[in-house]
Structures are given as C-alpha cells and as structure tokens.
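The same subunit A turns up in both complexes below, where it pairs with subunit B and then with subunit C.
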Partner chain A sequence: MAQRPITLNERPIVAREAYGLAAGFMLASAAHLLRLPLWLGALISVVVFWRLYLAHRNLTSPGKWLLGLVAFAAAGGILIEYRTLLGRDAGVALLVVMLALKLLETRTLRDGILLGFLGFFLLVTNFLFSQTITTALYMLGCAWLLIVVLIGMQFTGTWPGWRQPARRAALLLVQALPLMLVLFLLFPRIQGPLWGLPQDSHAGLSGLSDNMSPGSLNSLILSDAVAFRAEFRGRIPEASALYWRGPVLWDYDGRTWTAPRFVFNATDLPAGEPVVEYTVTVEPHNKRWLFALEMPMQRPPRAVATRDMQLLSTTPVRSRMRYNMTSQLQATYGADDSENVLNRALQLPQGFNPRALKHAQQLRQKYRDNRQLIDAVLNDFRNENFVYTLSPPLLGEHAVDEFLFDTRRGFCEHYASAFTVLMRAAGIPARVVTGYQGGQVNPVSDYILIRQADAHAWTEVWIAGTGWIRVDPTAAVSPARVERGIASALPRSDELPMFVRGDFELLQRMRLTWDSVTYTWNQWVLGYNPERQRQFLANLGFSDATWQKLAVLLFVFAGLAVLTGALFAFRDLRGARNDIVRAAYDRFCRKLARGGLPRHPSEGPLVYARRASQWKPEAAPAIETITQRYVTLRYGTGASEQDARELERSVSRFAV
Partner chain B sequence: MYQPLKNSASRWLFQWRGPERGTIVLVQRRVFILPTRQGLLFAGVILLMLTGSVNYDLSLGFILAFLLGAAGIQTMLHTFRNLAHLRITAGRVQPVFVGEPAQFQLNIQNTTRADRYSIGVTGNKVTADYIDVPADSTVVAQVPVPALQRGWLRPGRMTLFTRFPVGLFRAWSYAEPDVSCLVYPAPANPGLPLPALIAGEGEGGLAGQGQDEFSGLRSYRPGDSPRHIAWKAVARDDTLLTKQFAGRADAELWLSWDTLPLQMTIEQRLSHLTRWVLEADACGMTYGLRLPSATLPLAGGPSHRAECLRALALHGTATDHA
Partner chain C sequence: MTRIINKVNKLMHTSINAITDQINSIILGKNRQIRLAVACLLARGHLLIEDVPGVGKTTLAHAIATCLGLKFQRIQFTSDLLPADILGVSVYNRDSGRFEFHPGPVFTNVVLADEVNRATPRAQSALLEAMEENQVTTEGETRPLPQPFFVIATQNPSHQIGTFPLPESQLDRFLMRLELGYPDAQAERALLNGSDRRALLAGLKPHIGPDDLAQMQREVQEVHASPALLDYLQALLNHTRQSPEFAHGLSPRAGLALLQGARAWAYMDGRKMVLPEDLQAVMPAVVAHRLAAAGSNSSNASGAQLAEQLLQQVAIP
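The block that comes next holds the complex of A and B.
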C-alpha cells in the first residue's frame, strides 16, 4: 500500500461520502423545508442536486466567489422575506441555506466532518418547532444516519459497505444510552433563558385571550389542541362541577368584553377543607393565566392570585408548566367587595341594546329579590326558543338585543354576554368569566384531558351577604353541554374536530392511549426542569443538593456508565479463539493434576495423553477425544469456532 | 536544556524502552489516547447545543446533546480498542544501497475477535501506511526508512495510530522492534572500469576486458552501470534491461582496495568497490574482494555477491551483527 500523509484531513471526499452527507442534510432539514418559503426550498433543492451531480460526475466544487455570491443573495432574500436575519424563523432559514452551500463547497475530509457536526446542530433547531415523540424518533434516526456517514469517512482501506458503519453507529448510540440518562437526570439544570428570546419564538401558541367578542371563542372550539391536563388525587368530580377558571372579563364596550389591565392581589384565598386535590400540567399558551377549578385555595409557585380569583403566572407561560392545586368547589368569596369594585361590575356602554335594557327594567319591577330575577332570566332561556349552536347568525350593532329577541341562536359566549348585560341593567353586579368546562377522562392513565374545544364562558353575579356566585346560562339552555361535554350538546350538523365527538370508538381509544403516552412523555422528558430535578434528587435522598454534591453524584454515576460501556466494548478483546482453546486444555490438565497425574513441563499433549490413558484406562476415550480436538485446533488448519466450543464442552464433561 | 527534560519526561510517560526482541504486544498500558482537533470541535458543537437548549428550554435538545456527547465519549473506547492488543513482529528486510529507502515490514497480528480498521503505521511522522487488520489475521505494514549511511540501519521508534471510528480521538502506541537493515554503500557513478583480469595461476596482464563479449540481456538491477543499459530495448518496450557480457571463465578478477587511486577517501573507495562487485556479478564473472580488513576468495553467484557487499557495508564498523 502506498504511503499517505499521517493526517488524511486534506484528502478529497469520494462520491459515496458526498451522497451520504447530502442524504443526512436533506433528512435533517426536511421538517424545516416544509416551513420555509417556496423559493428558499427550491434554492436549497437545486444546491443539493448540484452537489449530487458533482459527486456523480466526479467534478470539483464551484469557486468560492460564486458560492459567496449565492450566500449573499440568499441572505438578502431572507432579509426581505422575514424583515430580519435574527429570530427563530429567519435564523433557521439562514442556517439551512448556509449548510446547503457548505455541502456544495465540501471538498475534503475536513469539510465533510465539519458538515456532519453542523448537521447535529441543525437537528436541535428542529426542536424549536416540535418536541413530540415522533419528532424525537425522527431526529434520533437522523443523528444515527449522520454518525454512519461520519464513520464511513474514516475507512482508509477497502470500503466494507454501509452495513459496517451502520452497525457501528447503532452500537455507539446504544452504548451511549446509560451515560445519556445519567447526564439528563443529574447534569445541573439552569432555568433559561440566558439571553432575550426572539419575538417570534413563541408564535403559533393558541389559548384563551384577554377579551371576548362574538365569534372569538369559535376558533378555539374548532381546535382539538390540548389546553392542559389534570391528574386528581382521589375521585374525579362530576363533569358539571368542572369549571376551570381563566380570564375574568369586566369591561364591555357593546361588542367586546375585556379583562382589566390592572388587577389587585387577593388578600386571602378560600380556606378550610380542600374538596379536591390535583396536579395541572398546562401547555404553553404565551399568556399569564393558570387554570384551576373554581375556587382555587392556593397559589402555584411563581404566580399570584387576584381579587377576582384569577391565577396569574409572573411570566407568560412559554413552556409546559406543572403545579399542584387544591380547590373548594362550593366556595364563595368577595362578600365584602367595596362600592368601587361593584360599580365597575355594573357599567354598561351608553346607547347600546335598548331593548335588553328595557326588558331588564321590567324584570326588576316584577321581582324585588335578586335571586328570583336571576331564576326568571334562566327560565326564559330554558323555556323560550333558544338554541345552542356553534354557527349562530351574524349579529349587528345591538348584538345582545338581536340575540335575545331575534336570532335566539348562539353559543356560550352569546349567552354569557347577554346574561351579564341583563344582570347589569337590572342593577345586579355581574361579570363574564372565561375558561374551560369539563374535559375528557382518559381511562388509560386516569387524568382529565382538557382541549381548546372545551373553552367556555359563564357569568358571576354578586349577591349581598353571599358574595360572587357562578351562574352558567348555557347550562339552562343546554344542560348536556356541562354534563356531557360539547359534542353531545351540539347538533350533528355542526362542525367539530374529529376527536372531540365520541365517534369512531376504536380510533378514539387509540387516540386516548397515545395521549396518555404523550402525557407521560411531557411529564418526564419534556417537563424535566430544574424544579423536577430537585424533586428527583430529593427522592434519591439528596434533599438539599448543592452544586458540589450534584457534581460528585454526576461524576460517580457518569463514571459507572462509562465503565459499563467499557466492559461491553472490551468484552471481545479477551475471548480470542486461541485463548479459549488454551484455557480449555489448561483446565483439562488441571483436572488430571488434581486427580494425581500432573503434566510434566516438557511433556507434549500426545505423550501426556498416552500416559494418562494408561493410568486411567476407563477415561481413555475422553482423554483421547479432548487431546485430538486440542491438537487439531492448536496445530491443524481449518478448525472453526464451533470446534473450539466442542472442546470446551468435552472438557467441562470430563471428570477424573 | 529543555529538550533532554522533555525526552526523559516522554521516556517515562510513553515508556520508551529501546528496541524490543520478539513479539511486541500493544497491551492497554502501551496505548495512549487524546482528543483530536475535530474532537474538540465536536465538544464545542455539543456545548453550543446545550447552551441553545438552556436558552430555549428544549428538553429534547438536552437529550440529543447528551446522547451525542455520550456517544462521543464511547468513541474513545472504540478508538482505544481499535489499537489495543495488536501483536507486532518485525518481518524480513532486504538490504538496500545508500540513498534508497529501506522497506521495513511489520507483521501486525490481530488475535482478537474484533476487526481493526484504518491503522496507520509511520516511522517518520510524515507519511504512513494504512492497513485494516481483520479478526484472527496478520497484515503486513510497510515502513520505508531512508538509508543515509552504510552499515546497519535501525528503523527507530515507529508509531502505530488510529482515529477510527469517528475521528474524535487519536490513539497511538510506540513500537521499536529489534531489527536492522543492512545498507550497502552506494555504487559509484560514474565508476572506474573494472580492473584487469588476471589469468589463472599468475599470468597477469593478459586478460581481456571481460566486457566485450555480449552474451545476452537481463532485467536491470540497482547499481548497474548506465553504460550497460540496453537503451534500444528501453525505447522498444519501456523496460530497463542490462546487457550482459561473458568474461573468460578461467580469468581471475580481483577487486582490490589497493588498486584504487590513493587520493580517494574510504567511502569513495567502498563506493567504487561496490560498483565493481555489481558489474562483475552482472557479467557472471568469478571475482574476489580484497579489503584492508578482510579478503573474500574468488567465487561467483548471489550469495558471494551478498557476502562481498556485506563486507563493504560493514567495513570499519565496530559491530558486526550476526
């Protein structure tokens, strides 16, 4: 073989390696390509196919000035498209384009290895957009492929085919698992972010907003995205009691209800015996609300409770958050609310909904007692021709009037809005509460799954001496909505996300099983943050783990994990075939020696066998067989692994 | 002052122990390993991934970074294992003339059940021979060492190294097998004509030149005089052929130290004698060699040629290896 330099970094890469790198890059950026603008995807495809063509024809890469020009033009295009080069989307677009050009430029082994490493980084950027189990498995596959390509570039002799590096890469990943687990659990976690996140890093999160106008809840109800999940200790309360409180809306401008900009902290939360205890895992929605059953009895960590019983996180919920909660389902509060507060709950905009105001005045004259008035309105909803539907007719300027007296078709936000207006017009302090109602019990792992489709709006009215109490006008119109969920309350003609309705039982069941896997995944993999790490360490018996303790723990376990890998790796260094044969024969000699016939140092195996056979004629056949096998294996040719095993077996059976 | 210190530190650290006889086994203590530049780059990429994961709170980013980092550490074991427990014995080495590279051969034996790939063997740390050693097999690696001086040439400390499987780590080991290559003096070029033949039994001065009766062609050997190359044959089919001339069988050719001009240095004399030996052998003559230290009697054939060249190579050297 010819002499080559002692580092091969400058050797040109061959076609096979270029194909491998191109495949790794394409698969690692496939998910990004779907999100990128069309022209960028086309550019990247052209660049990759160009590279494949060069490799196929064994041509050299284009000159640096041309690549520089394309890079510059692509960056300009991205700047125009996204109006920035920073931020999540523009940054990823830039990274993908630059890596594609790097692929085109790749000439030498050094370039190829660098590109492989950058490919690993590209994989991580995918997690900015999705962290589901499927994404994880896909990215694991891509990482494996990149390792295969990296290993494939290190062969200097005859190319053994892709199987060899493929197996080696799989072995590496399997061996890496214990250490990965140790690092994941014990590596000291820091709560991010370390620097300001780009504006668009949380785009596309959905959830309740701080206002409500006719039709605004509709888009939520058509989404089967998960809002949060709740795991109860003990029995799950009835569906009709599951009012998950969210934003409280006070101010009405004739069309839109909004939450006040400033809120006051609650002086105290309901006390006494908790009725239900549960843990909420809320999905990121980029708003501050945290959800709890009415009425919450405690604040989650790093959160405040307001006077109107909202739980607000100190920062917008941008990653999955988990907190323990206790609630009293029947609690009332705010009996001592001041004149100012109650006045705000009586405000109505001037010049809107004259018919509703008049109707409220008539009711007021008829019923002196507030509770009787409330019941009368609910009875109207129940007995008049009101319909609960997701596709109500559009409403004009006097939305409440048209709804109450003309269309009479609406959805929870229409009922809550109209009811609250009537209450205020009749002089009863009232406000709209939005949140979620009900949820789907997952029989697989016994938690409640609350989707965006469970979004709901209801009303709170203030009764002197009692405080704020919940009135849900929707329940009067459509009791099924609160008892059995939204799907059973709507006519079948109304469009709903596929899985919100209970059709396709098998599919539904599979979906719930998958959701419970996802829940576990979220809980233990995605939700493993500094706080969970502390809990985990406390369970291990390190309740106040300092950095030093954690470091010691990490090193001990990491050492053990590496050692496990090492033992596994060096396993086949010892068991060389000749050594097996020798060891087996030595064992045979020791057995004879213990029986009283040691082998002389200079004695050959055949001579020793003859002496042993004379000494113990009844064992002669066995001695003969073993010696024959040993001699064949040791000095003959064409002996196989199988023969060595045979020898081992016959020695094991041999007894003096 | 610094260099000797460094040498003794290396001697201690890398257990340099001089030439070793027999089989050298690269036991685990003899295999060293350090990350390569690419290994450090990989660590940098992993750190970048971790920082990004902290900032964007990406649990899967942590997992991927830890998985790749752990796999990177595992490659250290793979690289180490790729080199450890190889058995090295020196193979035969053919004598060369000064100015030619001595081709040392290392038999690298793998008695384990793990295939070894991409192992480099280098003597000069500039170029290397790369070999794969499958399980239960022996592969020969070539280590060329330039022969600068006649006499015995030792290959010195050789380095076996590997970056397999990913190139993040480089494992290496030193081996200095106890083997020497005999280096003949370079044949003088141009050389003096062969001395006159002495007819048998002291009839001096009557001999012919021994170079005038053309007897055939044979393939070129190093040391052949360019004057004897059959250039027409070269032009015809591109192979170097040397013309052979028959000497007179009963003539005695004495290649003698003393017949060379007095102003020549020892090395020049040896060079010319070497050339004469080659030419005489090429012509199939019977010749003897007279050196101040020894005299080799009249004979012919490859073994006589080797003996003469050996005597020339070792002339005046203190040690004479067996």
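The block that comes next holds the complex of A and C.
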C-alpha cells in the first residue's frame, strides 16, 4: 500500500502557486522596474502576464529554445543599452530579466521553491539603490510576501487558503526579530558604507561645486534635497550667524568664479574657547567639502583644513558622513597672509566690466579707509533699489556691469560676485565663499536641516591687521534672506520647491516629522559604523572589543536569540501549563527509553505504564504515581499548578 | 491502574461490574465484546452484531436486557416482514367505535432485530427510522418510544445467500459493530460441560432498574474529554481523511460516536475523564464498519484491519 513519495521535481506547480510566485516577483522587482529602460519593463510585464495566462489556462511553459532565445535577446539588449553586463545598473537589469524568464519556465515545485529563494536575492539588490527607511519597509513587505509564497508551496493536504500561510509568515518574521537585532548590533562592522556600491551609483548627486557662474546656484536653490543636518549641543545660534562654509572661490574669468586647482597648505585652526559644538551628518555629494560653521576649530577625521579655511575630506563624500565639530562664530584669521596670497585675491580679468572698475576707482578716491569703502558699497546695495529675486534677467558679457547699473535684480551669487569685483577693483583683497546659510530647525528632534535650497554665496575681504572678514552683500539687500531664510526673502511669484516655503503648515510639520525619523534612521541604522558599535559595546561593558571578542559575543547572543525564538514558537503551539506537563511526561518517557523501553508513539499512558511496571517491577510505584499525575493533568479537570510542579519533581526524581 | 483519581459514582461502578460479570457467566470467554456492548448501551448508541448463526448473539442481547432490568422484545427479520409487523397497527374496536393502535414489538426498551439483513430494505428502514428518531410515526400520528431504547441488530455475514446487506448510510447509524467469533477451546469446553443456556437466562435477575440506567447514561455524558484528547481524536479523523489508504474519511458522526463510546468505556473503567486508551479500546468496534480500503479489489484490508492500522499510524499528541 505504501506509495513512493513524489519528489519536488515531479510535483507540478499549481495555478495558485504560480500566482503567488508572480506576485512575489512583481513586488520584489517593482522598484527596479521604475528604474529600468521602458523596453525592458515592457518585456518583463509581457513575460509575467504570459506566465499568469499559462497558469490560468493550466498550460505548460514554452519550450526551452524559445526561452533561450528570449534570454539571449534580452542580454543583448542590455549590453547595447548599458554597454556592459557588469556594474550595478546592468547587473540588476540582467537579474530581473533572467528571474522573469525563470518564472515563465517554472514548472515543478523545485523550480518554484528555487525562484522563491532567488526572490530574496533580487530583493537585496534594492539596497544598492536606496537605503532609506521607506525602502527598508518596502523590502520587509516583499520578504513577508515571499515567505508566504514559500510556505504556501509546502502544503500537501487540503489548501487552507492564503490567510494561514500569511499569518505563519508574519509569525516567522517576528520570531526572527531577536536574531536580526543581534546580527545587526554585533556583526563586526567594516569602515565605509553598509554596502560597497559600484562606481556608477554616484552619478546624479547634487551639491555645491568648485565653480560659480551666473545661474549655477539657481538650480541648486530649486532643490529641496537635504544637504546635511546638524545637531547642536546647547542652544542653536541665531539664523543670521549660521554661515556653513563650503568651497572658497578665488579666480574670476569675467563670468565664472573657480576654486584654485592647487591645494592650499594645511593650516592651524583658530584656538580658544569653542562657542558652539555640534555634530554634522552630511549627505553624499561626491565632492570633498565638509561643511562647518565659520570658523571651524577642529578637523573632522580623515580631513584637512586648507589655508583658506575649507575642510576637505581625503576622499569624495560618497556615503553619509558624520563628524563632530566646534566653531568660533566671530573668529578672524589669516592676518599674516603673504603678499602672494593677497595678490591672487586682487586679480581681475582684463577687459571686463569697465563701468564697475571705474566706479570702484571713484569710490577709492572718495574713501581712504577700507572699512568706509565697504560700508559705502553696502549702503548702495541697501538704498539703490536693488531687488533680491531668483529669476533675474539674463546678463551679457559684462555681467557685473549690467547687474550693478542696469538690471539690479539678482540673488546671492550676483551680489557676492559684484561685490567681490568691486572690492578687488578698489584694491581690497576679496574672494567669494560659497556654502549654505541658515537652515530649518526641526522642532521634532531639535536639529537643523540644511537643504540645497539654503545654498548661499558671500564675500570675504582682507583688512590689514585683522585678516579675512566676512561681508554678506545679500544681507544688505535682503536682510530677511539671512534672518528668516530664503522663502521669506523672495517675492511670492518666485518659484520655489514646495517644502521650502512654509505655506502648508500641516504638510510642513509632517515633512519635518518624517525628516526626523529619517535622521534617526541615518544616525542609528545606516550610521551604525565601527565607532558606534564600539560605543554601544562599551555601554554594554565590553570595552575595546576586538573582532574575535565580537565573534564570540555574536555567537553567544545569536544562540540566545534563536533559543528565545524557538521557545516562543514552542510556547505558541500549546498552552503554557500543558507544555510543562507534556515536557515532564516526555522526559519521563525518554528516561524509560534510555533504559531500553521506548514508548510507541500511539501507545497510551496507562498501557505504557503497565508495560513499564511489568518490565521494572521495583519502579512500579513511581511509574504509577507519575502516570496518574500526568493523566489527571492532561486529560482530567481541576488540576492545579501545584500538581504540575509535583509531576515535574517526581519525573526529576525518577530513575531507571 | 485502578487507583485513578476522579472516581465515578462508586455504587454505579460496582453494579456495572456485577452486570458484566453476570453476562460473562452465560456467554463465556467474550468479556471484551460484552463490555463493548454495555458501553454502547451506556453511550445511547445502537449495536450491530455481525456473525454466523449460533455464536450467542441472541443470548447476549437477552442477557443484557435482563440484567439491566429492561423490557425485551425480539423481532425475527424475514424476507416477508412488513413495517407494520415492527411498528404496530391500528385495529378497529367495535365497542368504542374507534381505531385503536396496537403497538408493535418495537415499543420496548431493548429490541433484538435478529438477522436484520434477511428483511427487505423497506422493513429494515422502518426499524432504522425508529432508531434514529426514537419515535414512531404511523397513520399520521407520532408516538414516542419508551426510554431507554436500545436496538441490538444481528446480521449474518453478507456473503451468505438470500440477504439484503445494509447500505453504508444505514450502517453509520449503529454506534458499534461487534463480531463475537467462536469461543476459544477453554470457553467452549466450559460451555459444553455447563447447563443449558436458556435455563441460565431464565434464572438471571435484574441488577438495576431503568432509572439507574438513565442516570448512568447521564453520567457518561459528563465524563471529561480534555483538549489534548480531542486533539488526538481529530488527528485520527484527519488521518483517515488524508491518507490514501482509505476510500473515504470518517464522518463527523463517526467522530461523535468515537467520543461517546470512549466516554462510556472510561466510565465503565471508573474514570471521569477520557484517556487515549479509551479511544483505542472502542476504536475498532466504532469505525470498522465505517471504513473501507481505497481501490476496489477484494484483497483489500477489512475495516477492522484498517482500524488497527489507523491506531498504529497516528501518534498520540
């Protein structure tokens, strides 16, 4: 009567399982599909719908040669599209297509289970593109669905409906939680991002660059992407003091300001009492600048400070970076800068902006004192009908001239550029500093959020005896820009990203709350690097943990976590008390089995007790007591916890 | 293992033992079958005894009725038996000028339906309706049967000539089916040496009255079946429904019958809770006539063998 059980290879996939696999695959590749070229998305959709149709009609998969042909053609298409089969984008595209074809090919249960597991691999590739909390939640959902599908394929008897596997999968995920936490916290960390990303993943990062031409900041200001976040210890300084220093631009060719190609020597940073202490978490921008409030008093790790007070990381910032900073808001520096350096800050291109140069000469004759001259220019900006706007008219060859004398409409880059040109023409060493100004205080968790929209440009002039001091001509034109941010400084008609303007109170609040969640996620999940791990372990009482120690800890805690999960699962099967009773009786049976009298699985307790008593008459009273207690507890009524403990005790005492 | 906690009513327990002992003295060497038959009665089920003629089927039924102090009627089923012969007829009474109902032999406590498979399906169903409903409807009038009401049907093995085997749906209405079988050598010798069975039967005294029996039946209902035991019962039922060896699974009615039988068995053992052993003890008697092996060749396992397999294959959870 005994039949040979059918193997996984013989058991065909039924329609329900095919639907489940298709759903799991579609969900796991959904985020990729949005990134893939259109023709690939279409091909994948066709393949998936073909599979659904086959399942619906109960037809078999197409022949191997056809699948092979499609696979070959798809690989060729990807090669043409990306010019490679390697790397992040092409590799993922290839994986998605091949899995779709595997789905089409899936005939037997073995294929189905394999595909289910490959789905997890596909899922993980999502992390190559995004590591936000939304992605993590989406992937958790996908993982759950894949587990549901995998469990669904294990049923042999009557199909109980999807609800049961769905519940079981959720339970499995919950049970895996302790293990996940242990692995996350204790697995030895490597320096660098969580995922070693391929080179092509850094395209499209935006941020300040090493040059500034009319309109270049403009595009940045229209982006509400996060540039960095800063958390202060103590009070947050006033908005008008928040000048986050970035690239310093020296050289002007009549249109574009650029940073010098050579690297300035490292320099001493201002010393003295720190005024503000804070932690900056900078988003990847693929450049080397690290931002700090003017003037920084310390170097972030693996970074240098140049003579013109730029903080440069030794490698481009390609992953989120976190560093502690201290700054002195009033510090001046560079009073002893050499003739060479100052000369460079006086260069102007030949043949540009004659009117500005003339105007500067006039001012020079009028004001002997440098400070007076600066004030006069600022006063002009303030009083002469200059307008701060993001949509200035286009400027021609003599940009500064046209701006100063004709259009008089512009934003920070225009003002900084014009002011610096005037200064240099008047013989005062000056340079353009770009960076960010201000930022939005997130009341939810008390940090400052600096967006690309906060990008700003200002000027530094050199005064003999004092050194370099900051002059922000924009502040003269539009004090609101510096005091209350860009949104309040611009006329209504000017276009701004929705979230930069504070119009939608509720949306703004939600946005800030979400940003604070993201910040926490970045700090504690993505930013959990070797230092943080060391910190965490030190808090636990394991100082200077080597990776060997870590491995031991990992195994111990992982074991504990698995044990907890197992216990949880075991408790879940039966009521807690019944469990003790059963466990005690099982122990009793094991003792007898070790003695040579195993209980047949279908043997009742009384029958077994009789057999055991005949086999070992001297143990008969103990056997009878245990059996009676067990039977009453498990099959009777009115038994108490006390009885259960007595059963446990008598089983413990029992020896064969 | 007699010192089990949760003892049942001691008096009742003693009388049951006395009853089974007494029946044992008449039908020799059939202790297990006798206990099962009494359990069947206590569980308020009906009993089918299937065996060749002359092994003591009638004697057993008679002895049970007598010992329990119940009224006993015997109906010999023949191929010309009519429903009215079982249920009763209305006869015109000249004096009162009305039809008067003359109850048939079914109006009693214990009915022995002898050789039930010799009658036509029409007559069989008349009895089976009465068994199911505990009442009789003739000529538009419904009359309740006396309580307790217990049918012991005997049946010749169906391969004998001239029989109408009971269909499966009818078999399902019997809580248990027993096979008495031939006595062993020792019992047979005692039988041959002993006095006439009929004389012994006549000398039997009732041990309890109908009220006592009703109370026992109530107490059987109260025997505790724990979740753990129900798990085991359901595991057994599911196995018959999922394993390919069985033509069809056990019905929910079979599950109820098993539980009832096991309760009665536990009660007779003097316990107030059902143990897996109780289920196992009544299992073959309760399910053998409800199970059939898959496939149609005659070499298949019998119901009893299947029941035995079932017990072997399902672990006690």
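The rule is simple: the second predicted complex is superposed on the first by the 554 of 656 C-alpha atoms of A that agree within 3 Å, B and C clash if a C-alpha of one lies under 4 Å from a C-alpha of the other, contacts with A are read in each partner's own complex, and residues count from 1 in each chain.
In this text, a residue touches a chain if its C-beta (ideal position, glycine included) is under 8 Å from a C-beta of that chain, and two chains touch if they have at least 3 such contacts.
None of these values were measured; they are calculated from a predicted model.
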Using the touch criterion from the header, give the chain among subunit B and subunit C with more contacted residues in subunit A.
B
Looking at A:Leu183, would you say it contacts subunit B, subunit C, both, or neither? Reply first, second, both or neither.
first
Could you say whether A:Tyr635 touches subunit B, subunit C, both of them, or neither, answering first, second, both or neither?
second
Which partner does A:Val124 reach: the first (subunit B), the second (subunit C), both, or neither?
first
Just subunit B (first), just subunit C (second), both, or neither: which does A:Leu79 touch?
neither
Contact-wise, after the overlay, does A:Glu624 reach subunit B, subunit C, both or neither (first, second, both, neither)?
second
One more residue to check, A:Ala143. First (subunit B), second (subunit C), both or neither?
first
Which residues would you name on subunit A as touching subunit B in one complex and subunit C in the other?
1, 3, 157-158, 578
Over in the complex, which subunit B residues touch subunit A? Could you list them?
38, 41-42, 45-46, 48-49, 51-71, 73-75, 77-78, 81, 84-85, 111-114, 117-118, 120, 122, 125-132, 136, 142, 144, 161, 163-167
Subunit B contact footprint on subunit A (complex, rising order):
1-6, 110, 113-114, 117-118, 120-121, 123-125, 127-128, 131, 135-136, 139-140, 143, 147, 150-151, 153-158, 160, 165, 168, 172-173, 175-180, 183-184, 187, 189-190, 192-195, 197, 201, 318-319, 525-529, 561-562, 565-566, 569-570, 572-579
What does subunit A use to touch subunit C in their complex?
1, 3, 157-158, 578, 601-607, 609-610, 624, 627-628, 631-632, 634-637
In the complex, go through subunit C and note every residue touching subunit A.
1, 3-6, 224, 226-229, 242, 244-245, 272-277, 280, 301, 311-316
